[in-house]
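Please read the structure below before turning to the comments.
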């Protein structure tokens, strides 16, 4: 088992014929993902690595039964793309695109809720359930099928952590890249709920960073609701206030969002914290 | 993007929110058409300017000239005052606080209002701040306005005025993709009119492409940061002397954090992102060199990006352009062995683990 | 409210949708500033005016005067032509159909478009009509426009033009609370410009309070219906000679239906609504009398409304104002017995069941 | 059992202090409805028949735990009122108000879906589950507790039909007034789904009228999904096209919405049709 996505998801890629689209369709196919359709307006009839291209998501869904969309379009077209996917009946939308105006994201996050759809991202590397599927741009080589769930606000940092788990032969049930934006669809709490329910997940790793109160909210939730062991790493302990540290969401604003506050909240919730990202694997290994 | 007070007030004016009569002042003639007494306000992108001498009231032209020259050039918490806003003094009957910001957890705009205006909102007790969340799918509704404004203890006509201001600032907040619109204080003057005495407007950087009417003023950035921004590189200058280059925001932050464990201090945050484009690598190193770090710490994890491709780019930059400080590298992931060879070949120090690299960087930067 | 073609085009113009140069014509001088050839179009609130001689083309002023006089005063399916729109003839390259209406089942605006413009849309085969539904929470999006316009077989510049028209009519549809905005045909002229040659705009009656700029023109109502509308009474004139007064729209319709079962024919639908206000009852009877029915059928069910209160109102009207046709009553519900006594006392015929009442009304109206 | 509402619903009335509000609060209390709160801006602290009045729905919900709202405000304020109820967490909204611009209704119907809330109306008399609760302006005296479910687009016509059922000692599980507007929240199909599931409902009566295709849609649904007997009456067989017959929704537009089409659809779905509204009771009696 896994959370959110597995081998049954039929993936449509919006922004399929660009450089990134072609590369990642190929990578996903290699990982075993069921990529069934691509969408680029005006390019219906073409194919990318054997995957048929359609003009609209509606056409792609109708022809292929796609139920999941991977959004790779540029930021200024992302809202339209997510709306199109949701209106076409897509129930899982993974948005990789970075730099989307957050007002746009607010609208499509709530529109996803209206459609009872799962939205992952934006500004995220995607999601992978090793041995089953990978939807996004995460490197396939770092994963190992197993029992640790990972949810993370950061991309490369997650790869680093997942890779170090793999080096210790600790596999993962699902790794969710939540995204580095101030507004994201799926949160730590959503992931924790799913991991708690998932029989195949025995422990959860959360990778947080400065900005917002997602970690504090998660800590509160863990205290009351999560029975499985949770491990965490928080990036940005030395970040100054008011500076956007790479991610739009990684900013300490008006005294909120410091690493200190997050670390303390997690401690209160009995979450084991790592000092270095590569330490997480050691902590998890002790538990396993 | 944080707007100067006067720029925010230009937007207020555009949306029909009353602001005091005023203009930017740099010399004597700029006080014409204004009625004394005036308030002179240093235009800086941070708070606390009053205590720093950046706000002065003045009753006549001679006094105004003198005070203007005192304010211009003043250093307020690191910002040199270049612009001063001269405004007619308002006759305040009531001072309110009103803002719209982003509630990241609820993923909705959050309106906050208080009858305790003019104070730093962080110092107002929680039970005196009224909150209302707006669902972005339907936008602000009459009931939202009624609910929050009715708690401010206003008279009927004041309620109407403040309600109109609130609906206007919501419109501004949404249409200009704002992170924050704050009016503190929002006053009721003795004529009974609601008026914004201050403005704090922050526009979401990612949405600037659709607000080409707002001239960028990257007031809160250092010159190097501005340069990086134009090049599309995530680059932040910090207090220390170790320049960190890594790929991915989280990894770059984690690298800086690792330094502090060994008493090192990060001087630059530079996120290379997902690229292995040699041109981008070159630009990154050029920027880093300009920041004059004592040590550069290059931390790469190769996932989709191949370590050796980046390493080749780094080597080419270093051999062509030279480098005048030690570079500690820590490479992990796809093709890491090949990458290490290339970097060693370029004369860089290759560490084995993140801890090892962080320690060596910190030691070198500390002069050990 | 159905707008005349020229009024719809005024709205199109307001929203930046191109329409032919034209003006209302009642005499010679109204053709000045217009370039011949012209099209003269009778302004009536129904279709089929072309076949009825309501549309004529004309090449010169003399001819125009003559044809104008032919059209004015023409009777088109019951509507006397009072206004004629004179327009410059367009050079048509392509004719399209485009409309936005309400899909009641999906509870969303429905866009329909077809490359077969200029024909009655009901006669266009289904596979040549392209449909797109708009979620009212997010409004029209680029993908909606792309999806529908790309199917019309247009060239690139034409696609762009038609896309802009579509986004504008959606705006009009929403902002003016429309039930329908239809352009048939929407043409591409030989200059490559998209232009609306006709307009059909219906504004939701219930939303007229926020469109005070649109002067009401109750063109499709009879004078009595207009009168009733102003009084807030649901009143519809039909072909038959039995006037039905009932409380509730469904009950009134069901009463009319019952008449036909006994070969009676309803002449007036009058829904008294939930009221037992004597003034309203009086107004209702006055309106009904003006419609000159042969028989009045009063059918009441008293739920919240008490039957005897209504009966008292009816009795008072009848005794004061008199009535010159038989009134059959059927009363059911709260206090029905008391009500029956009151009505009997007023000289009205009280039936026992709906069927009985319907039969007696029909028989009386048929002269039996 | 009953559908949609029962004795547990805690009702808040928006527009509580007007003439209609006061009268119907009293009527509902008399029927046994749990009316717990009223809302009229500026009148907090007052009470109507012992029911406390609040300035906002939020306050009313917080103080009384109301989960249902009855909307009695004038048409031009109705959208705001429904939005307020939904934002305050109300999960059942019964909108009596007539003449609401349908664009407003479209918005709040979809916003109710976003909030997973049940919306009944607008332009309806409300809903009653005899013996349990009545939320709306339906006359309490016409009902009898029992096993027939009624869903209707018309007000007085429903009273007439329900009353004739009662006269034959045929009780009702729930009577839903769907509303006479072109856009309504709860439809025939929604009601049929609920009646089919409700153990206490043995037969269903649908009262339709001209306009739209709600009856045709219901007929299609009945064919495939409804095992219980369905009876129907359609009003407006003699209505001319293009005329609004009292209800905003009762209009034959562009050839759609005729009684003929509805009657034929129902016949195809084996729905038994009554000629006169008072006949329905006879048909149901035969079955019972």
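Letters A, B, C and D name the chains as they come in the text, with residue numbers starting at 1 for each one.
As a working rule, a residue touches a chain if its C-beta (ideal position, glycine included) is under 8 Å from a C-beta of that chain, and two chains touch if they have at least 3 such contacts.
Being a predicted model, the structure only gives us computed values, none of them experimental.
Both subunit B and subunit D are touched by A, C. Comparing the chain pairs A-B and B-C, the larger number of C-beta pairs in contact belongs to A-B. Taking the mean Cα position of each chain as its centre, B sits at the greatest distance from subunit D.
Centre-to-centre spacing of subunit A and subunit D amounts to 43 Å, using the average Cα coordinate of each chain.
Rounded to whole angstrom units, the spacing between the C-alpha centres of subunit C and subunit D is 27. Per-chain Cα centroids separate subunit B from subunit C by 57 Å. Annotation for subunit A: residues touching 2 or more other chains are 107, 110-111, 114. Residue positions 135, 137-138 of subunit B each touch two or more of the other chains.
The touch graph of these protein chains is complete, with an edge between every pair of chains.
Looking at the complex, you find that subunit C touches subunit D at residues 102, 104-105, 107-109, 122, 135-137, 174, 177, 179, 204-207, 209-210, 220, 234, 236, 238-239, 246-254, 256-261, 266, 269, 271, 274, 301-304, 332-334, 353-355.
Residue ranges on subunit B touching subunit C, taken from their complex, read 137-138.
For subunit D in complex with subunit C, the residues that touch the partner chain are 27, 75-76, 99-104, 106-107, 109-111, 114, 137-139, 141-142, 152-160, 163, 180, 182-183, 207, 209-214, 217, 233, 235-240, 242-250, 254-255, 259, 275-278. Interface residues of subunit A facing subunit D in the complex, by the touch rule stated above, are 110, 113-114.
In the complex of the two chains, the subunit C residues touching subunit A come out as 135, 137-138, 141-143, 146-147, 150.
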